[in-house]
Amino acid sequence: MKDLIPDTIIRFAEKFQLPERVVDSEELPWVPFTDNHSCYFKPLRFDLSTGTWTYLFRIKPNQVLGKHRHTGGAVIGYNLQGKWRYEGRSWVAASGTFIFEPPGDIHTLISEDEEVITLFILSGALQYFDEHDQIVGQDDIYTVLNKYRNYCAAHGIPVREDLIY
Amino acid sequence: MKDLIPDTIIRFAEKFQLPERVVDSEELPWVPFTDNHSCYFKPLRFDLSTGTWTYLFRIKPNQVLGKHRHTGGAVIGYNLQGKWRYEGRSWVAASGTFIFEPPGDIHTLISEDEEVITLFILSGALQYFDEHDQIVGQDDIYTVLNKYRNYCAAHGIPVREDLIY
Amino acid sequence: MKDLIPDTIIRFAEKFQLPERVVDSEELPWVPFTDNHSCYFKPLRFDLSTGTWTYLFRIKPNQVLGKHRHTGGAVIGYNLQGKWRYEGRSWVAASGTFIFEPPGDIHTLISEDEEVITLFILSGALQYFDEHDQIVGQDDIYTVLNKYRNYCAAHGIPVREDLIY
Amino acid sequence: MKDLIPDTIIRFAEKFQLPERVVDSEELPWVPFTDNHSCYFKPLRFDLSTGTWTYLFRIKPNQVLGKHRHTGGAVIGYNLQGKWRYEGRSWVAASGTFIFEPPGDIHTLISEDEEVITLFILSGALQYFDEHDQIVGQDDIYTVLNKYRNYCAAHGIPVREDLIY
């Protein structure tokens, strides 16, 4: 049965495989996501081939993150710490909650009394609404990468180029 | 070696597998993509889980499709008929050309003398610029699905619900 | 700027969007992954459209999980608890480590003194080698789904059908 | 509205974007897929990050391609020329047919009187059965890449490294 994966293929694959990536999130900075410093992120991966990025997202207690739409991409989340909910929905994300939000979803995130940390995988763009439902800003993989690189530059922190793949 | 995929697993998979989908594009209508009827599409798949859609895209000869950005998603194309290019680039897509455009790419498509038909797979959003580089519109999987359903409704054509999966 | 996403599109998307999915992992059972009960999983998502599955994976302390190849798919992991490594590599995954292993990677996982819990997203198939590098078994999304359903049936636990999407 | 994508972000994205890829399939060789030369492929993309490959697949008339399972990945196809079907199914793929086969699907492909050319996007692994339903071989992104590189080496054709991304 060894011939199912001949040694030649194993050696060939080893030669062409992308390198593994191992990131200790402890070593990464918390980068402010918004100007008001209500939330921060630690980047884990920027996949420039699909526009998908992965980060730890940290939200201060008792915050309301403005209403936004996930245009053209889904949200996958795994909550690590703290509690949060989307306004008007019946569930609360606690430690250990896994969340899928479909492309197009519009929501306003509200954190509870404890600081929140969630692992998020995101694609497409986030488009932010003001109180009149006008779109007043958007984020995508490039704006997030830009926030990270600018933060590193401003604080003299070396950029982890191995997060981009 | 049969035990690598036991019969129980084969029967189990057959029970849970998504149905196959087979679409004869001949049976689908050419739906106008833009108001000026410079281009049309035949939808092949709407993947609402990732925001990815697949369509045949048909462009009349000698058209200029307005400058747009692929925000948050990539473009994969396989050109079937006609020639087109992106303004300012050195290549021309002919029959049999495969194209990958990365997320964030901004381009203006120009068709040559023959009508173009290209198979495209798209994610994220298309954001259109006017001559002052102001964003004046956008498309994503929902606007494309909406164009298709509205066209079917207006022309008494049954909607192919099996394109959504 | 509101016209970038007209109300008609927002209402249309709300009608066609896939439902959100929220899973409290506390409510899910630890399903034995192997006969020797060295590791367990809590399923979070079975994406039958791409063959990708997401689970929490729990490994008893001081275990060696047999050498296997990720044929045709990548590994994405975020380690939540405990320490583990792949035999022969220089790094150790601790709480907060993010890991990407490319398709084709072959490795043997070794847990340290504390019980490990890792969030994994997997595609393709796992193919297991014996000590002579013969392939003696494999897993894919269906075998994992089968383990979960069989466990539920054997223990009178209702299957969470909303994990399949 | 220009501020939705500030010039700084456009310039930033242009700097970090992956390069576009344009492949004229006319310039690529038909690489034998099987030893009996019943089918050939022209590679269009090897995505080593996900194990997904894209190729034009050409099948001689009146062939039967052995029964195989798509373990851990889906099949997306767009038929360009000729007619083919899967044994036992009610449909026939003709020019312009789009096909989705779910992960786990098992089928035997039969071509009709004309040579077939189909664009396929594949993930995971193909596992081949003999007449006793024993698994006697498998392909994945590495075996396909290996066939291509070996063919180039044997025929003095330069490898298109830009197909790997």
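We just call them A, B, C and D in the order they show up, numbering each chain from 1.
Going forward, a residue touches a chain if its C-beta (ideal position, glycine included) is under 8 Å from a C-beta of that chain, and two chains touch if they have at least 3 such contacts.
For clarity, every value in this text was computed on a predicted model and none was experimentally measured.
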item	value
Farthest chain relative to chain A (centres taken as mean CA coordinates)	D
Pair with more cross-chain C-beta pairs in contact, given C-D and B-D	B-D
Between chain B and chain D, centroid-to-centroid distance (C-alpha), Å	19
Between chain C and chain D, centroid-to-centroid distance (C-alpha), Å	27
Residues within chain A bordering two or more other chains	1, 4-5, 13, 17-18, 48-49, 71, 102-104, 135, 138, 142, 165
Graph class of chain-chain contacts, one of line, ring, star, complete, other	complete
Sites on chain A touched by chain B in the complex	1, 4, 48-51, 71-74, 102-104, 123-125, 138, 140-142
Touching residues on chain D, where the partner in the complex is chain B	1-2, 4-5, 10, 13-14, 17-26, 44-45, 54, 69, 71, 76, 78, 80, 89, 91, 93-94, 96-106, 119, 127, 132-136, 165
Residues of chain C touching chain B in the complex	3-5, 8-9, 12-13, 16-18, 47-49, 135, 137-138, 142-143, 145-146, 164-165
